[in-house]
Amino acid sequence: MGTEAAVQMKGITKCFGATVANNNVDFELKHGEILSLLGENGSGKTTLMNMLAGIYYPDEGQIFVNGREVSITSPKDAFNLGIGMIHQHYKLVDVFTAAENIILGLEEKGGLDRRAVSAKVKEIADRYGFDIDPNQKIYEMSVSQKQTVEIVKVLYRGAEILILDEPTAVLTPQETDKLFKVMKNMKADGKALIIITHKLNEVMAVSDRVAVLRKGVYIGDVPTKDTDPQKLTDMMVGHAVTLNIDRPQYDKPQERIEVQHLTVKDAEGVSRLKDVSFNAVGGEILGVAGISGSGQKQLLEAIAGLQPAEPGSRILFKDEGGKEHELLGKDPLSIAKLGVALSFVPEDRLGMGLVGNMDLTDNMLLRSYLTGRSIFADRKKPKELAQKVVDELEVVTPNLQTPVRKLSGGNVQKVLVGREISMNPTVLMSAYAVRGLDINTSYAIYNLMTEQKMKGVAVIYVGEDLDVLLELCDRILVLCDGEVSGIVDARTATKDGIGLMMTQNQNKEKEGQS
Amino acid sequence: MTNIVSLLQAAIVFGTVILFGATGEILTEKSGNLNLGVPGIMYLGGIAGLVASFFYEKGNPNPNVFVSVFISFIASFAAAFVGGLIFSFLTISLRANQNVTGLTLTIFGGGVANFFGGSLNKLAGGVGQISVATASGGYRATTPLASLGAVGEVLFDHGFLTYVAIAVAVLVQLFLDRTRAGLNLRAVGENPGTADSAGINVTKNKYLATCIGAGISGIGGLFYVMDYTKGTWANDGTIEGLGWLAVALVIFATWKCVNAIWGAYLFGLLSWMYFYVPGLTRSSQEIFKMLPYLVTIAVLIVVSLRNKKENQPPASLGLAYFREER
Amino acid sequence: MSANKETRREPFVRISKRTSISRGKAWGIRGIALLLALIVAGLVIFAIVRLNPVFVYGAMWEGAFGTKTRAWATVRDAMLMLCIAVGLAPAFKMKFWNIGAEGQILVGGISTAFCMIYFKTGMSPFLLFIVMIVTSAICGAVWGLIPGIFKARWNTNETLFTLMMNYVAIQLTSYSVAKWENPPGSNSVGIINQTTKVGWFPTIFGQQYLLNVIIVMILTVAMFIYLKYSKQGYEISVVGDSENTARYAGINVRKVYVRTMALSGAICGLAGFLAVSGASHTISTSSAGGRGFTAIIVAWLAKFNTFTMILISFLLIFLEKGATEIASRYNLNDYASEIITGIILFFILGSEFFINYDVKFRGRGRKGAEKND
């Protein structure tokens, strides 16, 4: 290794259809350093790194590894150049042992000598301080152990440059500390590391240098010791932009949903929501901010009756007369039978909210097919509704008989939102309602939300764009790692403030200090 | 005593047919392909071997045992391999549904075999008149060990393919467990996306495993024709029944060839048990013949109840792989 | 050099999922596949019998529709195939692999034969008819329910479960045959009530098999309406597309699994009733005769549209009858029909790929990017 950079990317541009994921990015990684690649969701961090790992190929630009220009067209090319990437979704075979996963697909000489492989794995583990049992099966492992296997797999293949895509998203604080220790050991061994993250405290703790991307554009880089979380937040979120979203005030607010001590664990026993309490009020838009994967999905699904919760959790619905109904432990049908008009626009539009292979009319039917005594489903009203949604929301579709999976993302979303609003909800929940939509459609959706609010509906709006949340919502609940790190008044809150709450749990920091 | 000996002998004969079928299918399923064409493939293997020997021995006044055995073996393997190739091309390259393709292959294989088997019978002058005595004799030849009393009769009074079946099952198991190629193959069946990203050629692995697996299954049909029916052809559907049992055995053995070995003999035993259980009427015998299937159902249920990862089918069994859908 | 770097290693054939295809084009592709299949099958026939394939296909037409009796036999068999495929449609629409039609037909057939044998006196023909219909449907439903319940509750693999249920049913049939054999020692039940014709389908307007047609046509239309317009049919579609969406919409997924399998099994059981009471008037292990498997392919190719199934059923039965005719004319055996059926199905199965995927060949042999080592 000479004086040249380990990796240099020049003028990289990558587009997916009309979306520009990376725009003329220049990027450099030096030998023996840990670089944080910082940016909000959708800022193009992972896309940029995937081009180093051979998953994507840049539309424009050049890549140099150790000063030599290279063309990386497959993960194998990347391996051969000593580049290894640990993706967010681990690529491991569940029923194999750690050692078997590590040597998978390698063209080493000789037969399959498990003992020799285990010895080599142990050697790598000892050198960097990994805790790994080569003979343990993947399905018996915790998330952090699986991650260890992924890292060792990359090292086993002789990687000199390691890219970790949001490695701490699934780890406990203790596991995170351990990972950082290992990363520093690898750095001391001369390896170059990139950590993709949006957690500022981690950036400060582990990296030597920080590079920031915003909306696909390279904003700049600074040595970690010369910066602080406040400055980094400024670089990451940019200055507040005025969007001019109308925000009228509703005069007769009424409490609708009260969530108390909600705790949700996933199938692996990892807590996705921890002791979450808040209320949602009719005539108000409650924004939910947070890094993606902070528990937003579980929160909405728990209210919708799709997510079991731990004992002690309560979700109460308050009807017109002020009577309380427990929603937890009920499925969507029994919730509807209680008379609770709950509309839900889930994140996974075609996998949960709509039936991809059905046409518009049949998708309108999804929520109402049981109405009426007849054994036949009444398609007359859904058809009218479909036409109404198409007309009012300007859905672009050849006709009402087109399967919704053939519509574009924005039109799919309009169909879904249109249906949910048509149910005259008391509570309207939406997750990432404008993701992938163009600016005009987005505004149409904002207006619909506000319209519902002015009808006295309690709107819960999970979003990712802080500028929008600040102008659209009345209050904003900020989630961090499945916990509520604060509920703020959107009219007075600042973008920086929310950004900080998203990335570091204030309550936890205090606990740590005391 | 003689009863027990002949029961065990019969069990081993049927067991061997099933074992070949199951070993081939295990190899196939480990690559993620669920080939329900096993009965058809066994039909193809059986008839091809028979036809090859028939024409060799018909055209040759003094047929050589080794030549006749050799060409029938090759023909049998090759025909079954082609059956596997049809399945592979349709399901891997053209991504047709595996279940439907497999069932079609079973219809096709049964049709081909019974068509040519029937024609061969006519050509030879009637059912049971096909003469491939040399080849059949070669397949049925035993060693002197067979005369070692009851033990010898049970263990050694069988043609060489009986022992080949065990050897192949052990070899396939060793291949899957102990070699890098076997590891890569299993990865393809478990998680083709992961295998692909680790640089393993998914398509090549699936093709090879399916075609070679089909070839092995086909030898089961050959053994049935040459050993059990002594080189004749009967359109009685027994091969199809044994073929489905082979598919069932794969589940019973929880995708492990070693379990398939004893499982095959157990299935053979269960298939013949009715014949030797005293006091059964002809009708209650038929109820007894349900045993292998009921046992398989029970295993299937237990496997799904216990949910132990090692005993589950390969995770991507039955699914086509298309890289861009990752 | 940097210009060279732009070139990507493009594979020789590029496959991408089609976003849409016109109905005409899709049927065009299927038509070409059928034509190719007939050519290949013709070549196979030619290789065997050395006769002009066109002539042979003519003979096949004769065999299937040459006389009135033949035409009615073709209709009868096509109706049976259609009935099974109609029964399978709801299960497959729900993406439940019911490979067990064969067994469901047999238990339906056994119960029908039971009724014909034991209730031949003391019941009015009409009542006997009703009893046969109800028992065969219940038996088939139970046969379908068992794997259905295990799938719904523990996600037990239904493909293999239903397959095994077939063989249990076959043994049950053998048992019944041994119990009821007539004359003793023949190992067959013989024609049941041959002289009295008790429990046989009546002749309507002079046609022996008209009732078969009526029953199956009613089922076909009813299933079409059920799947397309009923609430339950709607639930089946949603579950088949995405269980998550079904739960979101408040559909009880387990209940739908169990209910649909009972329905699917019941209709296949009715097919057994049709086969015994309406056609062969006997029961044997070959009463289903592999139709349970072939019908899966019929249902699959028809994309669960019961009207399309009519066409495909007729095509397959035509082949079967035609091949039988050739076989007897040229002194071959009937299994030729299974070969031809297999070939045609292979081609149609393969053609679906060209409907779902777009295949582009690399225009010019561009060299991949060279690595500058």
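Order of writing sets the chain letters: A, B and C. Residues in each chain are counted from 1.
Convention: contacts are C-beta pairs under 8 Å (C-beta built on N, C-alpha and C of every residue); 3 or more make two chains touch, one makes a residue touch a chain.
Computed from a predicted model, the values in this text were never measured in an experiment.
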Legend entry - Shared chain contacts [chain A and chain C, defined touch]: B
Legend entry - Core chain by centroid distance, with centroids computed from Cα atoms only: C
Inset, instruction - Write down the pair of chains with the top C-beta contact pair count. - result: B-C
Inset, instruction - Report, in whole Å, the distance between the mean C-alpha point of chain A and the mean C-alpha point of chain C. - result: 45
Legend entry - Where chain A and chain B are represented by their mean Cα positions, the distance between them in whole Å: 49
Legend entry - Centre-of-Cα separation between chain C and chain B, whole angstrom: 26
Legend entry - Touching residues (chain side chain B, partner chain C) in the complex: 34, 36, 86, 89-90, 93-97, 99-101, 103-115, 118-119, 122, 235, 241, 244, 247-248, 251, 281-287, 289-290, 293-294, 296-297, 300-301, 304-305, 313, 318, 322, 324-325
Legend entry - Residues on chain B engaged by chain A in the complex (per definition of touch): 178-180, 182-184, 186-187, 190-191, 193-195, 197-200, 309-310, 312, 315
Inset, instruction - Sort out for me which residues of chain A touch chain C in the complex. - result: 57, 62, 68-71, 73, 304, 306, 331-333, 336, 344, 346, 348, 350-358, 362, 365-367, 369-370, 374-377, 379, 406
Legend entry - Partner chain B, residues of chain C touching it in the complex: 15-17, 97, 99, 150, 154-157, 159-161, 163-168, 171-172, 174-176, 178-179, 290, 293-294, 296-297, 300, 331-333, 335-343, 345-346, 349-350, 352-353, 356-357
Inset, instruction - Write out the stretch or stretches of chain A touching chain B in their complex. - result: 74-76, 79, 91-96, 100, 103-106, 108, 111-112, 137, 139
